[in-house]
Each structure stands twice: as C-alpha cells, then as structure tokens.
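Naming follows writing order (A, B, C and D), and every chain is counted from residue 1.
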Amino acid sequence: MSQLQPSSRPSTGESLDARYDTVRSLSEALAAPLSDADATIQSMEDASPAKWHLAHTTWFWETFLLRDRLEGYTLFDERWPFVFNSYYEAEGERIHRFSRGMLSRPTLEEILAWRAHVDAAMEPLFAREDLAPLIELGLSHEQQHQELLLTDIKHGLFQNPLGAAMWDAPAAAAQAQPQEWHEHPGGIARIGHQADGFSFDNEGPAHRVLLEPFALSSRLVTNGEWDAFIADGGYDTASLWLSDGWAWVREHAVGAPLYWREGEHFTHSGWQPRDPDAPVTHISYFEADAFASWAGQRLPTEFEWEAIARGQEGQAQAHDPCGGNQLDDAAPPLPRGSEGLFGDCWQFTRSAYLPYPRFKPAAGAVGEYNGKFMSGQFVLKGASCATARGHSRSSYRNFFYPHQRWQFTGLRLAKDI
Amino acid sequence: MSQLQPSSRPSTGESLDARYDTVRSLSEALAAPLSDADATIQSMEDASPAKWHLAHTTWFWETFLLRDRLEGYTLFDERWPFVFNSYYEAEGERIHRFSRGMLSRPTLEEILAWRAHVDAAMEPLFAREDLAPLIELGLSHEQQHQELLLTDIKHGLFQNPLGAAMWDAPAAAAQAQPQEWHEHPGGIARIGHQADGFSFDNEGPAHRVLLEPFALSSRLVTNGEWDAFIADGGYDTASLWLSDGWAWVREHAVGAPLYWREGEHFTHSGWQPRDPDAPVTHISYFEADAFASWAGQRLPTEFEWEAIARGQEGQAQAHDPCGGNQLDDAAPPLPRGSEGLFGDCWQFTRSAYLPYPRFKPAAGAVGEYNGKFMSGQFVLKGASCATARGHSRSSYRNFFYPHQRWQFTGLRLAKDI
Amino acid sequence: MSQLQPSSRPSTGESLDARYDTVRSLSEALAAPLSDADATIQSMEDASPAKWHLAHTTWFWETFLLRDRLEGYTLFDERWPFVFNSYYEAEGERIHRFSRGMLSRPTLEEILAWRAHVDAAMEPLFAREDLAPLIELGLSHEQQHQELLLTDIKHGLFQNPLGAAMWDAPAAAAQAQPQEWHEHPGGIARIGHQADGFSFDNEGPAHRVLLEPFALSSRLVTNGEWDAFIADGGYDTASLWLSDGWAWVREHAVGAPLYWREGEHFTHSGWQPRDPDAPVTHISYFEADAFASWAGQRLPTEFEWEAIARGQEGQAQAHDPCGGNQLDDAAPPLPRGSEGLFGDCWQFTRSAYLPYPRFKPAAGAVGEYNGKFMSGQFVLKGASCATARGHSRSSYRNFFYPHQRWQFTGLRLAKDI
Amino acid sequence: MSQLQPSSRPSTGESLDARYDTVRSLSEALAAPLSDADATIQSMEDASPAKWHLAHTTWFWETFLLRDRLEGYTLFDERWPFVFNSYYEAEGERIHRFSRGMLSRPTLEEILAWRAHVDAAMEPLFAREDLAPLIELGLSHEQQHQELLLTDIKHGLFQNPLGAAMWDAPAAAAQAQPQEWHEHPGGIARIGHQADGFSFDNEGPAHRVLLEPFALSSRLVTNGEWDAFIADGGYDTASLWLSDGWAWVREHAVGAPLYWREGEHFTHSGWQPRDPDAPVTHISYFEADAFASWAGQRLPTEFEWEAIARGQEGQAQAHDPCGGNQLDDAAPPLPRGSEGLFGDCWQFTRSAYLPYPRFKPAAGAVGEYNGKFMSGQFVLKGASCATARGHSRSSYRNFFYPHQRWQFTGLRLAKDI
C-alpha cells in the first residue's frame, strides 16, 4: 500500500507538452500501488482492468497521433492495437469486452515501457499547431480513463473478501454543509459549450432553452440523510420508485448504496467507517430519483444545473468554479463535501442523454464516441472526487444507464419555486 | 374469420353514456373473431391475452366506479380483481405478468358475461357529474387497451406457423403521398394539454419550449423506402446505429421490420403482399434512428411534432385534425398513408419520455399510471391505424422502449433548416 | 367440471382393433373436461398442450400407418404434420418446442374431427398382420401421451391462481401400508424384456446382471414421512444432497414437493387436503436421493427393482403384477398406496438411463425415440396413477432429468443386507 | 517462456516425505513460467486460477494436517482458509466459485511463502504412521490439482488473442499406432480398488460385475480420424448425436474439438500445427459418443475398460502398467500416443458416474468429496498427459459432465464381439 503522493495541481496556463506530461504521469501514479495482477483483473463487463486503461490511452496516442501524423513511426507492437482498441464496431475486430480481464499478457511492465516509448515519440508533435485540438482530445480522453481506472479498480478490489486496499486512508474528515438554495427566476438560458477551450462534441452546439423558476440545493445529499431514507423504508416502498427501478431493486435485492455494509463502506483504502456528513455516493439513478421523491423534491434537469453553474462562473474561474474535491494527485478519492457545485460526486439530472439541436458527431473513428450512446442513459453534471481537476466544466455531460452505480455518483436536490 | 363489421364513427358530441356504449361495444367487436383459445394465448411478456384486455378494462370500471362509488354494489366474482389488476406493485398482490397466458379460466364467455353485468350496473353513474372525469379516464383507458388487444393478438397469431388470421384482407390499397416539408421558423411554442377535454396526467402541465427552425416531413416513411435501406446494407452498417441499437441488431439477428418475410408481411388477415407505397411499420426506435441517419436526416423531437400539429389544428377539429387512418370499427388495422399527421403509425420522436416541468402524478392508485415509466423510453406522437379515433390529440404522449416494435410504429423524418 | 366417467378396464385378451378403440377413446375422455382454451395452454417447455397431445398421437397414426401403408390415403390437412411432429431434428422442420402453446388454431374441435377421420381410415389396417407391431407401438405411444396429457394439464391449471380443476375430487382415501422388506439374496438376475408382448427398444436386449444382496421396501414413502423430513430440516442440510441437487434447491428456493402448500396439494381436482398416508409424489431425483440419505437408506438400482418385480410375476399376471393404482379411466389420478410394486408413482432408481449391452436403436424415424436420450437422466420403474394400466411391465424404463418433478414421481427405499 | 525443466520420475519406493517433496516441488515447477497476473486469471466457472490451486492444496495440508494434528501450530494467515477452501457448502462460508479470478491478493509470492512455511511445518508429521493415509490423500489431492492447474491455465491463456504460451514447444512427434483389438470373452470381472495402496473412496468397494464379450481398441482415436469425421459432416448429422448433444452443438455452434483452428491447435506452447497421428483431445462426451456412432462402434463401459487394464497388470507394474505419456515433470503436456491404456488422454466411457454397491462416503469434511457429484456425469478412465504419473491406476474413476472438454479428454473405441 503506497503513501499519498503529493503532486502539483495542473495549471491551465501550462504549455501543451507540460500538460501532456502531467496527465500521463498522473495515470501512472494512479496505477503505482497496483501489482501486475491487480492491474489485470476485470470484475464486470462495465469495468476494465487498470492495465487496459493504461494501454488503451496509449493506443489512442499511438494510433491517432503517431501512426497517422508522424512520418516513419513504427508501431511498438503491431498486435496490440487490436487488443487495446475499444472503438471500431465491425465484428471480429476487437475482443469481447468482458475478455479484457484475461489479458495477463502483455505485463504491466511491458505496458509501462510502451507508454514511455510513445511519450518519447510524441515529443516533436507538440510544436505542430494543427495537432493541438487532437492532442487536447487525447488529454481529455486520458483523463476520462483516469477516472474509470479508479472506479474500475475499486470495484475489482471490492470483490476480494480480504478487503484489499491500494492507499492508506486519508486523514481529512467531511464537513457538514448547511442546506441552502440557489434560486433561478426561469427564462431563457444559454446551454452548451461556448468558450474557446476544449470540449467534447456532445457539449454543443451551444443553444438556448427556456426554464421555469426553480431552486437548486447548495449541497449534495449526505450519507446521514441516506441512512434516514433507509430507516424510513425507502427501499421497500414501491410508490417512491420508477417502474424499472422497482424491478431492479427487487431483482438484485438492493437495500443500500453500492459498497455499503453495517456502518462502513468500501474505499480505495479498504473498509472504512462511513461519515454521515459526507456526500452519499455510488447510487443509481433509480435510487437518486426515489430519494428525491421521498424527500418531496426532485432531481434538476441538466439545463437547470448548468444555468446555476454559469451564474457562478462570473465569480470564479471558467473551469472548476468552486474548488470542490476532485482528482489532483494520486490519492484515495473520497467525497468530503464542499460549497461548490463541482466535485465529490457526479450528480444525476433528470435529463436523458440526447443530442442538442443541430448536433453532428465528429467525422471518422474519433467521432464514434459520444453520439452513439444517446439512448437509455441519463446526464450527470459536475465532477467527482475521481475526476481530474482540469476535466470539469459547466457544459460537461457525463452519462450512465439508470442502474449503474460503480462511479462516484450522488445527487443534489432541486425544487420548483 | 369474420367479415368486416361496419360501425359508426364516435362523434365527439355524443353523451357520456352513448360514448360508453360505443367504446365498450367496440372492444367486444374487436374480439368477436377470436375463439376462447385465441383470446387466451400470450406470446411474450410485453403482450397480454385478448381475454385479459377485455377483463382488465372491466376490472377498471368495477373497481374505481362501481365498487368505490356505487353503494351496495357486489363484486361479480371477488377472486377476479386479483387476476385482472395490473396496477398495484406490492409483492404478491398480482400474478406475474408472463403468467397471463395461463388463464384458460375464466372463459371468454364468462368474461363477456362480466362485461354485460358491469355495463348494466354502470347505468346510474352517468348522471353523476362528479364522476365524469373518472369515466372519461376509463374510456381512454379502454381505448388504449383496444389498441393493445389488436397488437397483442397480432403477435400471438403470428406465432402460429399456419398463418392464422382473424379478418379477411381489406380491399383498400395505399396511395403514394408526395414528399413535402412543413417548415417551422423556431421560437417559443406552447406544449402540453391546454384545452378542456380529457387528457392523461403526463400531457401536462402545459408549458413553453424554445425551438430551433426545422422542417417536418408531410408523410411517413414507406415500405418501399425501407426496402432501399435494406438493399443498401442498412442493417449491416454499424456507423448508422446507436450503440445499444447495434447490439440489439446483432443479438437478435434483425434484418427487417417485425412481421416481414420475402415480399410479404403478417397482418390481422394473415400473410399478405407488402405495399411499397404504404407506411413502414413495426420498427423499433433503433431502426427508426438508423434509417434517419442513413437518409441524412433525423427524427423530430416531441415538441417539434406537436408544434406542427398545433399549427394545423386551426384548420381542423381539435381531435384528429387530419382524418388519417385510425381505428373506427372492428376492421383489420393496416397503414395506408394519408396527408395528415395522425393515423397509420405511431411516430418515433427523439425525445425521451420524461416529466414536463412541474409534473405531479395524480394521487392514488389511478395515478400509478404514467409517471412511473419515465426512464429509458421514447415518446411517440400521432396515432396508429389501431388507435381509436377519439383517442388521438396533439398533446398525446405514447412511449415505448427503444427495442420494442410490436406496436404499429413508424417514422416521419425531420431536418434542420 | 365433469363427473367421473367409469369405463371398463382394458383386457389384454382384446383384439387389436378393440384395443385401438379403447386407447383412442380414453385419450378423448381425458380431454373431455377441457375447453379449447384449457387444451391450448403450455406452462413450460417440458410440457405440451392437451390439444397437442391429441394431435401428435393422431399424427403418428396418420404418418406411419395411413400415409406410409394405406394406398390412396390423403392427408386430412397437409400443413398439420409440420405442426404436430415432435421427431425430426433437422433445423427448421418443426416449430420450437415452447411455441406449442401458441397453437390456438386448429381448434380442439378440428383436432377431434381429425381424430375421427383417422380412426375411420385405420379400420382396414387392423387385419394386416405385418402392421401389428407398428400398431402396438402406436398404442404404447398414445398411452405415454395420455400420461403426459394428464401431468402437463395439471401443471397448466396449477398456474391459474383461481385453482382451476377438471374433475371433482375422488372419494377414496389412502390406506396406510405397513413397512416391510422384500429381501433378495443377490446373484445373477435376468434383466430386460424377454416375453412375447410389446416393448420399447430400450427395454432390451435381455441380459444378465450380478446383484449384491439387498432389500426393497414393500411400500412407497408417504406424505407423512416427507413432512418429517421437512420438519427435520431436510431441505436446509447440505450434507444430505448431491452437489447438483443442492445448487438446484438453492437456486429455486425449493422447500417442499411441487404442488404443495400449507396442508394442501394441487390436484386435477384443484387444491385438496394432503393425506399423510398417501405416497408422496412430484419430487425430483435430487429430493428422492436426499430423503434416502436422511432415512439412512438408499434408492434401489433399476436392476434390483426389476429383480423383485420379476420374482412377484410368478404370483401374478405378466403386466401389472400387483393391481396398484393406475389409469383405468378418465378419473382424477391420485396416489393412494397399494401392496404392489406398480402404480401410484414412478419410482426413482439410482441407475442412470443408459443403453443395455448390445442395444441398437430401431432404424428409421420411429427409432429416433429412446436411444437419443441416454445422457444425464435417471431410470424410473413401476408406473404411476396416470399410467395407462396396460402400459406397465417389469422391464419398462421411464426416464427423467434429476430436477424434473411434474410427473407423478415418488420413491421406494432400498438397503444393503 | 521457460525451458523444459527436467525432473526425476517419482519412484513408488520413495519415502513419504521424499514423495511429499517431489509432489510439492512439481506444483511449483508447473507454475514457474507464470507471472502473478497469469496465475490470477480465471477464464470460466469450471476453471480456477493457478494461484488458487497452489493455495488450495496448501490449505488442505494446513487444515487437515497442521491445524488438526500438530499441537501448537498457528495459521499462517487466519483469513486465508475462507478464501482457499473449496469444500464446505453451508452458505456464506466460501466465496462464489467464479470470483476466484478476483484474487489479485494475496500475491503469488505470498502464496509461495505460505507453501514454504507449511512444507517446513509438515516435517515432524511424516514420522507419524497414523497420519500416513491422510498424507497419501493430500498427495493425491495435490496431484489432481496439478492436472487442473495445467488445464485451467491452458484455458486462460487461450483467451488471450496474442496466443500466450508458457513453455517452448516440445520436439517429440507423435508415432502412428496400429489399430488392434484387445478381446475379452465376457463373464464375471472384479472391479474396484482391491490392492493395498491409496485410492479414493469412489473406487470401492471392490465388487464383481458380469460382462458380455467385447473388444477394446489398442489405441486412441487420432486427430486424423477426427478430421475425417468433420469432413464427413459429423457435426451436421443430427442422427449421430444424443439429443442433449445435438442441442449443445447447435447452441454453441460447435464444429471441432476445443482449441482447434485451421490446421492448428492451442497448446501450452501457444498455437502449434496439429499432428494427425496424435490422439485427438479436448472433446466432450457428446462428441466422443457421436464419433463412435459415426465409426459404427461404441464407447466402452468403465467395467470393460478396467477389465482389460487388469488383464495387462500381470505384465506390468501396478501403477501405470503401460508407460504411456503422463506428467513427469514441468514440461508442456501434449498427447503423442502409446501402446498402453494409460496416458495421453482421459478416455470417456459410456458409464455414468454412480456409486458402487455398498459405497459409503468417508465421514467428515474430507468425505465431502466424490460422492456428492454422483449425478449427471460420466466416468473417464486412464490418465492424461497432464496426470501425475503416480496418480493413475486401473480403478481410478475420473468424471465430468458430458459437455465439458477443457480437460485432456479423448476416446478409445469398443465393440461387441
């Protein structure tokens, strides 16, 4: 088990190659406490091995930058793209998703060597201005996989009855946050990415929506409030649940958030006492919606959330307006609460993940990315304690199926006013 | 096989008791060609036996009107509510959905006797003004089940390798419709039920949405166009499909709409030649979306569809603005095309089925109805050839999961302008 | 619900055409209390609709006798053989087994008309001596399906929460039988069919086996004894169970024989009180084996059972040596106990269903019958209360998978001496 | 990839502690080419990780010898018995079988340390005569797991699209064996373990069976003969297959033995050319039975096989009468053929795995071993190239379900004479 590894926070003013180094180093620092075996296991189809995340992100750079844009580049191992490609759908071209956990070869060491090789080869490309957008995409892509690496290995270690951990428990405790409401008068709001910086295709085009008056809670729902929901029979009261949610609760005998047991929850530091003041996390949309019904309120729409966030951006920097608890370095991610909208947990909205007006996916393989998931999922806003700090912004749209809960997912209540 | 049974079209000016008679009679006329055995079979969990529809609608009247509002009423058979109740979720209170096909008892004849008994008992209640809204709800509920009865029995008869039919084939052919576009300049549109008449809870509250300029096709996509999609490899081209859609196509080896075989399709009149000019039907959301991508266009949102429909209502009556092909009497439902927005097929929109702002489900058991299905489904607009004519209106929101296609589902293209 | 229909017991001295009439009439008498809808339902893949049994047996006569051996015979309906053929395996040639419950057409009435037509056409064939063996086979085949018709419709009616019945409850009560032991000194025993009469291919060739000394109980295990097994925690004690059996118990939460509820069991006469002196029935091999372990004894082998049965045949007629409770007429089958080895319940042996030495399946489609099931199943001996009386003999080998229990299955203990 | 590691063949004259050393060392030598990650993966529920086999065998010694019989012994890690115990069935006491692949902790190194600790602690126990039978059982148990370690890791490495290997390919080629027949006149044969040495409980009690005259092939069926079976449409001919076998072929689209692809098969040395003269292996009972039908012959019974083997034992040593290809050291196991009955492949018999007359399982946890698997499986005789040489004898009864084929399974034909 490794100690916390302090690292400097990425500054947005950094040069591209410096940011590349920072992001790539963080990926490796996150995996540093893991053995080759730890990095090989895959606990479910939704998750991927840590090793696979390290390799897949490297495949991205090698394929779309080095292979396609750097003359004379030779693939590190020509058999690996097939194995670490998650994109192309045509049958037979990639291994079945749930077989990723069988990749005991290549070893973690070999993949780290691949990473070093690719990193060195990338050097000449940072000067090429035409490649900057693609490099930005690659950085965001790798940051997404940092978060998945953390949530996937947490799920993997959780399967081990010995309570395996990868970091010592952090000392910092949660701070109770007062319940206040950000009110919004309704009217036309501008939605979607409109600044200069990087964004994914699904964050645009920027457009306007019409809002009714509403209020958004100043803080996330806590473990203590969730205990009250359980104590009040929340998981046994059909009328609180969506029909699909109730079926899910019954089929899987769900009675608490993922990773909970009596008084404790499972973390990257193993089983630890649960802090009642900390934001609740690892809940599904079904649970978030049922809790909101029980509380006599509702989830916000993605537009409501974004409208409040934009209102706060005047007072703060564009990214990370509120300084919440995000991934700054290779430390155990754990929600502790903050005054801001971002950080701690991804927050379920009641908005389905659908295209914005006039949305067009990017062309080519890189574009086979966000648009094709636009059915059956819900939008989450904010960022979690496992989200790289530079990776959050008001227009960011995360999305998961309503039953999924292995991410750091939580909720912030809204109400009509 | 029975002959077409002409019946008069329901006039909206009819008295409540006359409309009750009309609706109840139509339910029985639809089942008239069916034997007790036909009316007993259940071909999949999504479908229910015809007998069950006849009984469940009767249970609604007996429970919410006679039992709760008519003093001294005695249940026809006190064991039947348990069997024909689809609502309450608490465990053990109703039989598992896929066991409905085991109800060889009570017989069709016994259920028709129950219907007659309930109809007679209803007589005194039509005079009570306070009950009119609940009676309206019961009528709409029974009309919904008329449509399900037709689509469910079609699916059941389809399982029979002998090509079972329940009506003679209709003589009328489809008429090719010219492709034109209803353009809309965008801006604020009023959405949701706002008139005096009946509506379901999910059609409100009325509210405003902001639209971008767009155009909506004047006609539905046809069988002939779908043949071209197939011929062009539509079902084999991953890039046209949503990720979940592609998984569905591969898992179920889907290569055509439901009920299609070489040159023919299965209808309530058995296997019949397919008319290239008729609207395509029995497609899933996944197929509709892939077709639209292939055609270089897109599906409309529910708001776009409703905005065009409201624009046309000035020129037409409130219900059924366009005189399309709907369920007027006990005849084989079959899409034939029309100039209007309504009729022939339910039309997939790209809008997820979600609550409107400030939506509150109705209280009590009757309210456990629409709100609880608000995850994972898409909204369909219009009405199909199996939709009772009085049952369509601009604000009506039908909803199905993106893989379902045993309803008369089709598509109308939209585009940005 | 129909009254008991007395009928004469089939005499083995009857002529072939008289026996044909008796067997065919009994099939129809068994189905007489059923409506077309009752006769259409199929409750699981293992079961078939009553209508299907009536049709399939008729298909046998029409195909192998009339079509193949009667010049000029025209099929009653040329589309029906496809639907009612259970034999040929080549893909696409017959409908999927679990779709039999979708055959609302043809109607029960049409199938009865087919039966009458075939019966009339069979008339000239009884005089042809060369056809006698095939006709014998057809009679045995139809008798097998009589038993399946009874057990399948019992399972179907059981699904109905209204407790559907098809006969009034019989008056006769069970008689407690004293527990005695038939001892056998071991040594070489002759096994397999060796007399002149009809047998299935799997009953031969006759051969010798070597037995150790053993004893076989004079009576079947009773409901009362099973109550004691349950009360003693039999279903909760892993050490009593085979590994596959324990997995089955846990997966399906099995805690009692099929059709049991508090103090009652489901019968062809609906829910009835359970008689503690009656033989226990509707148990799986797993349950039978666990009970025997709990009782400190074991199941007999098929050879031990047959050796005792042959020893008794000197004292009795070849078929049905002991006059037990079998299917004599269209009455509710119900185990009541007897002094004999045959009747009441099929008795699980610990012998796997495997070929006898030098076994060769009969050639042709008729031969695709017993041999192909020789993996994974266990042999049952005796006969049940639903077995046509003429259909039992010492060499008869019934066989089912160890988890199946919708047949009238029970157990008779054995022990080493 | 490691080179072949020569080791001396275990001599039956060795002392118990020398044999303990030999067996324990071989387990570690077999795992020596594996990384911690290789030793962690689990490819299916039937298989276990290599690490688990190393740990589970150690658990056996620590539990039944050290904990129970050595005063003052302290468990190496008290949390590990729970994780590496495969025996006790009571719920909650051991982890779900398919979660074994999540055990990235403890590491391979930690498990090897455990092994060394246990080996050292065992030292004083070899002198205790009363423990010799239990130590013999432990050795046989560990030898069984050596074979499983080899077949399980083969299946695991096979999942890797990179063709992972753990040893260099062996040089030795197969030698074509002439087809001859061992004839047996029938009569009474003695079956079951009757000598002094070690045996499992299921090999007894010794008893007599009556055999018909038969002949057993002098050699195993080869890859070349299997090619002919395929070429003749063996996998497409329903009449050759058992009913369950045909369903299995269709459901899984089986068309060749496991691990075959065009001209090659997967081995512990990766993909290698297939030798037509080598015995075919990795086939299911269903395939073996279908091949025998196609060849116009049949599989032997377990008694026939044993009777021939006993006849040969006069000419050879009690164990391993014929010097076939078995596991002598840490080298890639590969069938090459021999004149003997033992070695190369386990040979399917047509005998179901059932108790011998008067069989009683051993008492206690150790006894929960063989008896509980006596349903649904078939007996295999002989030994495979992955079976430790000292681990084979005429009375040995291996057993698998008829669809399983990840073991080195093959067939030897028999016929009636």
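Convention: a contact is a pair of C-beta atoms (placed from the backbone, for glycine too) under 8 Å apart; a residue touches a chain by one contact, two chains touch by 3 or more.
Bear in mind the structure is a predicted one, so any value in this text is a computation, not a measurement.
Each step here moves to a touching chain, and the least such steps from subunit A to subunit C number 2.
Computed centre separation for the pair subunit A/subunit B is 39 angstrom, with centres defined by C-alpha atoms.
Centroids built from CA atoms put subunit D at 46 Å from subunit A.
In whole angstrom, the spacing between the mean C-alpha positions of subunit B and subunit D is 60. In terms of inter-chain touching, the protein chains here make up one closed cycle, each touching precisely two others. By the touch rule above, subunit B contacts subunit C in their complex via residues 35-41, 43, 79, 82-83, 95, 99, 101-108, 156-157, 159-162, 164.
By the touch criterion given at the top, residues 89-91, 188, 207-210, 212, 238-239, 241-246, 250, 285-286, 289, 350-352, 354-355, 357-358, 368, 372-376, 378, 402, 416 of subunit D touch subunit C in their complex.
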